[in-house]
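Notes follow once the structure below has been shown.
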Amino acid sequence: MQVILAQALLGLNVGVFYAMLSLGLAVIFGLLNIINFAHGAMYMLGAFIALIGYSFLEQWLGISLQIGFWASLILVPLLVGLLGVLIERLLLRRLYDLDHIYGLLLTFGITLILQGLFSNYFNVSGTPYPGQPESLSGVVNLGFMYFPTYRLFAIVFSLVVCFATWFFIEHTKLGSRLRAGVENPDLTQAFGLNVPLMITLTFAFGAGLAGLAGVLAAPIYSVSPLMGADLIIVVFAVVVIGGMGSIMGAILSGLALGLIEGLTKVIYPPAASTVIFFLMVLVLLFRPAGLFGKEK
Amino acid sequence: AGALSDDKIKIGVLSDMSGVYKSLEGPGAVIAAQMAIDDFGGSVMGNPIEIISADHQNKPDIGASTAREWIDAKEVDMITALDNSSVALSVQGLAKDKKIITMNTGAGSTALTEEQCSPYGIHYVYDTHALPVGTATAMVKNGGKKWFFITADYAFGHSLRDNTGAVVESLGGEVVGNVNAPLSTNDFSSYLLQAQSSGADVIGLANAGQDTVNAIKQANQFRIVQSGQKLAGMLVFITDVHSMGLDIAQGLQFTTAFVWNQNEETKAWSERFHELHGAMPTMVHAGVYSAVTNYLNAVKETGTDDTETVRAKLGEMTLNDMFVKGGKIAPNGSMLHDMYLVEVKKPSESKSEWDLLRVVSKIPADQAYISMADTKCSLVN
Amino acid sequence: MQPDQKPELLRIENLHAWYGESHILHGLNLTLHEGEVITLLGRNGSGRTTTLKAILGLVSKRTGSIRIQGTEIINMPTHRIAHVGKLGYCPEERGIFASLNVDENLELPPVIAKGGLSVDEIYAMFPNLKERRKSQGSKLSGGEQQMLAIARILRTGANLLLLDEITEGLAPVILKALDDVIRKLREKGFTIILVEQNFRFAAPLADRHYVIEHGQVVEQIDAADLEAKKEQLNRHLSV
Amino acid sequence: MTDHAREQATILETHGLTKDFKGFTAIKDINLSVQTGSIHALIGPNGAGKTTFFNLLTKFLKPTSGQIIYDGRDITHARPAGIAQRGLIRSFQISAVFPHLSARENVRIALQRKLKVSYHFWRPLRILDQLNEQAQATLEQVGLGKFGDVKAVELPYGQKRALEIATTIALEPRLMLLDEPTQGMSAEDVSTVTDLIKRVIEGRTIVMVEHNLNVVATLADQITVLNRGEILAEGNYDEVSNNPEVMEAYMGTTDAA
Amino acid sequence: MTNRILFILMLVAGLTAPFYAYPVFVMDLLCFALFACAFNLLLGYAGLLSFGHAAFFGGAAYITGYVTKEWGFSPLLGILAGTGFTLVLGGIFGFLAIRRQGIYFAMVTLALAQIIYFMALQLPFTGGENGLQGIPRGELFGFIDLNNPLAMYYFVFAIFLIGFGIIHRTIHSPFGEVLQAIRENESRALSLGYDVDHFKLLAFVISATLAGLAGATKAIIFQFAALTSAHWQTSGEVILMTLVGGLGTVFGPVLGAITVGALSHELSAFGSWVQVILGTIFVVCVMTFRRGIIGEIQRLVSRKQS
């Protein structure tokens, strides 16, 4: 029982990252109809910027400068978001009229570039991020196990971010404008709303969310150029299972699948890496549109 | 120079240049090989000595196809490094067909000199038989009877786990569980929790490099050691200790073939290496230097680069240099030499950045390595 | 032109517009003064909707000149035009956002100028919308959707309204109500371009009628001359 | 009339056909019957549910409830391709051709089906040549004889429309569903297509959606007026156009047109 | 006409290649060329973007390797076994994947392929990270020794030609005609009575099978079946090859495979820069060069003609 609880908690730990990434994908997909393959790479980028800010700036720039974890938590999403702005403005924007697969291919190319760049300068098996704040470095005794405070923080923080995003999109005026922009961009523009800007900002927001997840992940996992690639394919399966219908769907299926994966590690470890894909097959067979997806 | 097949000697350094094993061999191996060539004078019998190097990315197919091209089209005479057992096995197999010497310094699997031994394959620095002899024996004798393994899921990890398990059981211990973790795992937490709930005394880490570092660090995060279990890194390199820091690593015991500050000779060489590489050499770096040097010696002494002749000469030589004293290359390819059980110093004991290890005991070559009487290698019996 | 006319609000000169490769407007000219109500008449496909869309920049390409209170907007991006020209657009297909409820639909367009109606005033004007404030846009009847489409641009403070086929598919009772609404708006001083099939509905409301054919204005008829020019009008519009 | 005779006479019937879109009922309880050999027009204001009704008939949408009987068989749950194979073919509101195939190839795609080689990926394309003559004849029938080798994308709008009809009749449909066949056409094109429909009607039944009342007046034997998803009136042109309800809802007038 | 010239060029180049290039490398290119052609059949002619074709390429390699190594199958029989496996696998994947369209299709194929990847990693017979090593090349028809480089080369070239021929024929068959119709206007094809899903499925299966043929052959050449072949990055590479050469052109994928393959090989000394360069090519292709090399040439030629 203890084992199960412990593994469930670790599963949730993974689940919040699934949720944050599939949420970002869903937000971008919702407005741009594009699957951002580079989402994983942006997650990786987030972790690397945090790492570089903490460990390498001084060495590279020759000035004494270190960007701590809390600062990274704010700065990195902005920087990754900025990259999102550039990608959307300079590249993606020109592809909207074409088949959506071109958006997927473009972002795949960007993924290769980002991965390759970081593989050049950093060990592919990962570099540890030493910047975990002192205040979070302890352990919490949960009764059934010791759980690192930081991981608990990551879980709670991600949940807050996810639900805040959900609230923002589903329950605010800005959110309703976004949804209107999705439904009828021309008309929304005719009302004087700057839809291209909304699109850019949404893409940037999704990217920033991935970057944020990266910063959160950095102290837990070592920072590696491939960390996003390994994750993104699982997140794709999560998205297929959840369906792109709703923001809440993306969050819930991310969390649930993280848990399921965690529990599989106890019940039948060899299946842990594939259980989500098999669930995807089941969903495809019985509910092709996904659990939360809208029937066509 | 008529005796050489192609007017030059070309040495291939095939290593993990970007992955888990980058820091323990990788680019450092190219530097060590170059040092050996330079110390040798840069040429043999008036023929230049060249290095070609490549990244096998820990993928045996990439390793094998690179080696295939080196042999078929680039006239490579000897291949060294090969720091991944899967890669080493595939390249050694290919080199056997192609009649090329491999001097593997980085891989550990005993299969290289046992079931899959090759007349041209030399296993130079350590193997998964030698590693547990020191470490596991010491741990079991200190009361670590029940073992749980976290194993790198490929040839090397399996071999290390099996050999360690055998040592543990032969001393009256017990293996209570095992979990296979993929090579290059980022998050060991769920494996560690399984190990924790198994009730084992010792968690044996049958992995290497970055994987070992991650596992030990995360064990620290989850307070595994504080809860009463011991960690045993079955293959630890000085670079791993350096990257973990003494706070986390102190007291860890493991087996190694080389300690850089053991004597003046090793110290002098290691400091030269540090100069070029920015880090102290691992046993593997020192091994590459020694292997290349001795290969060149054999070529020079026989006056040819013919594989059979050079291999025969290497078998006859007694190897003495800063890395090895009185080493012998056995017919199964195993280079028999002494190993050391070392312990990581406490932060208070360490005098400099790289002053990390203390030698506990020496493990004589005949204990460390499988004897020719017991070997399963078909070349011997 | 009569000397006592109000100032000029909109002037379109030599407007050409395209959808992709197809050239739809071929040099259209028209002028509109503050407080006027005009109609664009024409057969299906003559380019009336396109004229409105071209003003808003919703075509793939446009050339010529469109000036609102003297400001040239031909090269402006769509989202700026509404602000600069204080425009409100009610599209042919109504454009009610299915995923938003009545309140959200109503509050969607940003306020672009002072002087718009308050939500309460709007609900007072359209009592049956008030009853359905929380209904999803997609669940409204055609008439309610049409009401909502007009109502939501009144909030924004726009004073130049572009209304496209607002009578389409509506029951006569609703037509009657719409007729009242337009009259009220006219009294309040709004300037309105009506695109209408339903000449019977539009005729009594408008100060002037433009007949469009193949993307050009072929006839311009003042309300006063309507009787006299009925013949011509019929010729142009007969289906 | 005996039941058998009735079946003969009506090729298509719907019983209580209903379509809900998440609470919005686009089609409500429609009972419609189409006489074999007739041209049956479906008119009504925008949003009345004509296209939706068409989509239900052609299986592009699943009905929420109700039944569709075609040729005496219940096809409510049949596959789209299945009903096409039984001779019920539609055309689209937006022009539907295969743009990068030549006009002849467009028609041949339709003809090809009856050769039953469509899955034969190992057979050369040559075996389709036997269809060329027939394809040409069909093109001639719609006045596209000269354009056999022209890519569909390069044809002017009216001719695309004609090509679409040629493709449809190549399947020798028993029941054709045409969605606004004259939409967006110039006056000449409209009369060409009207003539065309008159020519190809022999032996077939047509159900069409049409806004152009002239076309309806010239072609339709029977008219059903839809409004807000329900049938408002049925009858021939004179009956319908003088029906006050229709005048109100559709023509927007209270006087006779 | 141009196709005929290109075909003769390809034939001559293929027949003489081992005399001026490293044969094993050329064989590798041929496998990738066949793989890309098979992929192109699906994307270029049926409009379906599969992001999981590595599953077939890699899957077949493992099966072929296993049956030749452990069961002593002859190389030819081994290749047939591997190819047969992907025929079935293609059927299953296709059945699942065509339930979703567009980008979803791509994501589903990617995720399905990941199952195969993990199986290759974990099933006992595949050798996990070690891969399946030491697959014998064996003898063709019992008397041609494939350890002879030239014999091996011409065997591979023959397989390539057969695979290429099948694809070429499929494209120019009644089936291919319907496929093109479906790609151009799916709903219209449906309304003409074509069971669109069946056609897509058949196209998927043919494409998967031939991708398998390429992978099976590669296993014999390198005497190796490894995870790399089943990795998603290989799926990405084959997309790139097809895109560079020209989507929906007969020879594009061949040229693309040669270009990308040679480039990666030449640049392999630069380590991860290869990925950066390939990624950049991807971006450039998608942004400005969507027709690919052959596509652009065709456009230039046809522009000159008109």
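Every chain is named by a letter (A, B, C, D and E) in the order it is written, and numbering of its residues begins at 1.
Note that a residue touches a chain if its C-beta (ideal position, glycine included) is under 8 Å from a C-beta of that chain, and two chains touch if they have at least 3 such contacts.
Predicted model, so just to flag it, every value in this text is computed and none were measured.
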Using only alpha carbons, which chain's centroid is the nearest to the whole structure's centroid?
A
Please name the chain that ends up farthest from chain A once chain centres are defined by their CA atoms averaged.
D
Centre-to-centre on C-alpha atoms, which chain is most distant from chain E?
C
CA centroids of chain B and chain C: separation to the nearest Å works out as 81
So how far apart, in whole Å, are chain A and chain D when each is placed at the average of its C-alpha atoms?
48
From the mean C-alpha coordinate of chain A to that of chain B, what's the distance rounded to whole Å?
38
Would you give the residues of chain A that are in contact with at least 2 other chains, written as numbers and ranges?
119, 273
So which bits of chain E are touching at least two other chains?
121, 271-272
What positions in chain B touch 2 or more of the other chains?
18, 182
Sites on chain E touched by chain A in the complex:
49, 51, 96-97, 99-100, 102-104, 106-108, 110-112, 114-115, 118-119, 121-122, 232, 236, 239, 243, 271-283, 285-287, 290
Chain A-facing residues of chain C, complex
56-58, 77-83, 87, 89, 91, 95, 97-100, 104, 107-110, 112, 153, 156
Could you list, by residue number, the parts of chain E that touch chain B in their complex?
22, 24-25, 28, 121, 128-131, 133-134, 222, 224-229, 268-269, 271-272
For a test of understanding, state which residues of chain A touch chain E in their complex under the given definition.
34-35, 91, 94-95, 98-106, 108-117, 119-120, 225, 229, 233-234, 236-237, 239-240, 270, 273-274, 277-278, 280-281, 284-285, 288
Report the residues of chain E in contact with chain D in the complex, numbered from low to high.
166, 169-170, 172-178, 180-181, 184-185, 187-196, 198-199, 202, 206
